[in-house]
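Look for chain A in each of the two complexes below; its partner is chain B in the first and chain C in the second.
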Partner chain A sequence: MLESSIASEKTKPAHAMFKATMNDARLFRNLLGAISSLIEEADFNATPEGIKLRSMDPSHIAMVDFEWPKTAFDTYECNGNTKLRLSVSNLLKLLKRTRSDESIEVVYDDTNKKLNITLKNKITRKFITPTLEPSTEEVPTPKVPFNARVKITAASLRDIIDDAQAISDNVKLEVTPDKFTVRATGELSSALIELDKGSDAILDIDAKEPTKATYNLNYLGEIIRAGSGASEVTSLEFSTNMPIKVEFEMPQQGRLLYYLAPRIESE
Partner chain B sequence: MCKRVKQLSSEARCAVHLKAISLEAHHPEFDTQSIAGSSPPGVFVGRFGYPKVFIGPMVPNVSGNTEILDTPEWWMGKGFDEIVAFRYSLLRGYSKASILDAQKGGRLIETLQDLAMMTKPVDTELVLARPPRKILDLREDSQPFGPIAPLTSFKMSSSSADNRIEKAFYDGDLLADDAVLRLYRDGVLVTRIQRAFSLGMFGEDKRRKLVPTRWSITAVDSNLSLRLMARVRQHPLIDEYRVYKYTYLDNVYVGILTPESWRYEWIEAWFEPELLATSFPDVDMKVDVEPSGYTSLDGYRPVMLGDSEGFRGRKTYAKPGGCYYSARLAVSEYLDSIGRQAGAIMLREIHPGYIMPVGVWNVRESLRALLKTRFESFDSMDAAMNRATGLLEIPKRSWIQASSLLQKAYFQRKISEFN
Partner chain C sequence: MGVDLADLIPRVKVSLDDLSGKTFAVDAYNALYQFLAIIRGPTGTPLMDRKGRVTSHLSGLLYRTTNLAERGIKLVYVFDGRPPALKEVEIKRRRAVKEEAIVKYEAAVTSGRVEEAKRYAQATSSLKDMMVEDSIRVLDLLGVPHVQAPSEGEAQAAIMAARGDVWAAVSQDFDSILFGANRLVRNLAISGRRKLPMQQAYVQVDPETVDLQTALRELQLSREQLVDLGILIGTDFNPDGFKGIGPKTALKLIRERGSIDSIAQASPDFRPPPELRRIREIFLNPDVTTNYSLRWKEPDIEGLVKFLCGDRDFSEERVRNAVTKAKAGFAVESEKKTLESFFG
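Here is the complex of A and B:
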């Protein structure tokens, strides 16, 4: 902490730069991991309020919307709006051996377009990685009404999805005012998982009308595995044959949500 | 010999089986314990007993330009008889080796490594411990193999080495993957790269190992295609849906390229499931294979075997094995050569006239040929699919059922449609 305040007094840069630290480097890595499940390269937007990211997977089937407020960091400085594109998988490679007793400092300076990462505990490890040219692709938020909402513990949702994935490539979700039903139908077997409003796993169900939609389990599985590593509560919102919004509750006003387009069977 | 073929096909239809018998009967030149001939050059590394494996040269009993005998790239258009004759004319003299002998050397290994570097056929002399056993080994993921006998001694005259392979061989710091890519870029035939690869001739000194021939074929196909795919992912998309068709050895190949980010699928439909089951023991017929739901006019009920990967590639071994990777090499090679990116759905119908599997080279070379043919353009997936399935016998519904990329294309919506 002391170090970072000294550093900020020393340098009052006119060019864009940002610097953030976290005492638990592994937390940082897990959050990146949650993004990497869908996205190879992503545009990060650093503003004085925090870091944001919105990106679609290469086939435009899913989208991640992610926000790290400055309060999620132990120290955070950013003197303007900076857009930097990073290879998330490459970054994760650097952070592969991160330990939770290490702190992390991330510094980006616009002049050399490089990201400097310092991991510290008994020894100090420094990594420097290049940034990529930001893309010009617009990623608008899908405009969809949500008729049903289920709030569920992330761990239970993960179990359900793992079960479904063992059987099929797709999963059908159904919500009525008092029940959440998950169906997976495979070549040989099928699974039906029913959760009543009163179930321990369910924190809330809200449905304006009976709602059902089918989603690809490769995508949904990746999303839920990634998010459940960073959060304990998930809310699912969707409407019949419309995209689903999967939101993971984050500490300190952080935001981690995904949209996944439905699968609609009609030949 | 040839038990599998005997089991699965009636005598009347299995011309190759009969041919093999006659080859056995009429190859008195192999009823001897010493053979002199020009190796194409050819070597083999067996996989049974791994990490102790059988290795040795492949030698015909004739001298001269025998290069074609072990150069599948040149076999396109040949019929079963010729291919069988090529394979059957090569005697394998074997000796046991540990895979780590690739680093330790030894007289036989070093001679074989020299042999694998040669640009032209090389005169050799083999002394065998006993007269050869004449077998015909038919497997989809290797190649038919001919007679075999334990080796007592092996002598080779000198000839000129391919300096590209030689250079990689003597570079003990160059990673195997990089060596393979460099040779490929320098125009060395995949068969030649794979041959040297099987003798553990590439990679860091301390990590060199012998690699069974059939594994080395797939390793080279897989690694080369990974490198090419990394480039393809950076290229601009093609502008239309394209449909290609090619036929060889009663296999019908139909390729669909889509104007989408890189993704790849390979599906093969076997009209005779028994041929698949017997020639490809690694396939689990209960788990990996799906019925097509189609019955042909003459009563065949094809089964389908396929696998796919998305933009980022895959982490597990593909269900169809070697063919998946050799097809992936042909597709990524083509896309990189035109500097474009596309999704690729490659379909193969294996009709009953494919009386025996001849090796993964068949898929690699057929798809290379396929992608050189004139394609037809379409402006939607469905239009392309209608044309593609018009060229195939199994109906559209079955292909969609079996294909995860087609399912995605037909049923999966995109998030951008909801803006």
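Here is the complex of A and C:
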């Protein structure tokens, strides 16, 4: 049914449509999961080159910037620029029981504004879900300078952030040319985690000057938990009392990065 | 009352956390009436001090403001000035409703029908000058800014939102959107529980935001057409609206014809209100001031205790707790900034 309808679409490519497949459906789900931590609904921009998304959380404290080039998919066809707004949490619900030995096919046809998802292994499951009206809100382009950069394994960063979150709502990050320090101070306890440039978790440290800033752990925790499910290496870039950019290296080409506003400390 | 756009306008549910770090302009009369109506004892009598002076509004004002402050949500209160002359009909109607309610309330109390008494009691709320003075005194002691509107408080709050001095106007009514507020927040309260009218039941009510641009886009209307839509349905300035025209028909008519004038041209039976132009002006060009300053000051805890506990019989422990928590909230709020503020 689905195949035949797609075949007929191909003969008249007048309206926008796209079709993408991935052999490992779980990879697809994990990437959606990484977006869902901050954003409930988002506008996906599908172009012949790939899928892009940039969106802020409702309180405008954090932003996700995400790019899936067509090479990240096993097959990818898109005949024009299409903007489709999807409820990410709803999609994840559909994909909840996805397994890694399943393949996924996602088809969007502009005529009925519906997204068709097919999961295949021994049995084939088809889901049809509506798309929403795209928003016209312009998401600003972040233009912030970064003075310090730390490249760290995603698993270690996640441990550090989990530890900090047990103690406080905020975390203070400090980078000097040879050390990355994480401090969390709660009402009763405090935590200090120091990582030297040579330690196993640290892949690289680059600091133009000693840099420190404080971030909200609810947001940072969500970002890091989400991203570490989709990636193994994280780079943190920030400047004193400025937003932080958290970038997760993607196994296939592509981009998953977040910006988070700092908390300004009154000293 | 306000215009009934609930079924037409797109609304987005939000959590209090989403609103943290932001400032809001509240229509003070709208809020104070709510407190007077809701904060009541089991038979429907409002809270009073030992001298019999009503304190429901002060209780609501203190705890709503401090509880929200604790969550990083800052409020600015906007007080009504002189109502536009066109509002007289609506004001008279409200007064009549109140007078009728007082009679029914007294009858219900005399015959011991407690539930009924409570229901009528809620409709008897009226704001005396002294209540407004007391409220302003509490705000001053809390260090919370308030603005005196030249005319409608709701219009003033809307313009403050439109100018970006506050993030959104807070009201239960949709009029703020007609007045040009870029954003409106409804149901802004800590406890999401709201009693259903005439029933012993509660529903969960979450804050929701209404975005003017989104609304205009989804309704496919211009702002002028949205105002005409409101007038068709009925506003405070033409409370009856038009016979046989509900929200859905009104939207259809405006979409088809474009304006009230062209609806009138197309159907001779349809008579627009004679004051149409003036009502439109009230919404599109409201009487507001841009001469206000929004500065928060350190709360005067001892002053509050002296006034509310010494004079109005509030619990000292609760007042001190509320204000102390609010102070921490204001401190947190000032540290939180949105991403855009860094994107030069």
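Structure notes:
We take it that the second predicted complex is superposed on the first by the 254 of 267 C-alpha atoms of A that agree within 3 Å, B and C clash if a C-alpha of one lies under 4 Å from a C-alpha of the other, contacts with A are read in each partner's own complex, and residues count from 1 in each chain.
Keep this in mind: a contact is a pair of C-beta atoms (placed from the backbone, for glycine too) under 8 Å apart; a residue touches a chain by one contact, two chains touch by 3 or more.
The structure presented is a predicted model; accordingly, all values stated were derived computationally and were not measured.
When both complexes are superposed on chain A, chain B and chain C clash. Contacts of A:Thr136 after superposition: chain C is touched, whereas chain B is not reached.
In the overlay built on the shared chain, the residue A:Ala42 is in contact with neither chain B nor chain C.
When the two complexes are overlaid on their common chain A, residue A:Met242 makes contact with chain B and with chain C alike.
Contacts of A:Met56 after superposition on the shared chain: both chain B and chain C are touched.
Once the two complexes are overlaid on the shared chain, A:Glu187 sits against chain B while remaining clear of chain C.
Once chain A of one complex is fitted onto chain A of the other, the partner contacts of A:Leu157 are absent, as it touches neither chain B nor chain C.
When the shared chain is aligned, no partner comes close enough to touch A:Cys78: not chain B, not chain C. Once chain A of one complex is fitted onto chain A of the other, the partner contacts of A:Leu95 are absent, as it touches neither chain B nor chain C.
In the superposed three-chain arrangement, chain C is struck by just one stretch of chain B from 2-10, 20-28 or 74-82, namely 74-82. Annotation: chain A residues 56-63, 140-144, 216, 242-243, 259-265 touch chain B in one complex and chain C in the other.
By the touch criterion stated above, chain A contacts chain B in their complex at residues 40, 56-63, 140-144, 169, 187, 216, 218, 242-243, 259-265, 267.
Residues 14, 17-22, 213-214, 217-218, 334-344 of chain C are the ones that touch chain A when the two sit in their complex.
Contact residues of chain B toward chain A in the complex are 260-261, 263, 290, 310-312, 404, 407-408, 410-419. Contact residues on chain A toward chain C in their complex (touch as defined above): 56-63, 133, 135-136, 140-144, 216, 242-243, 259-266.
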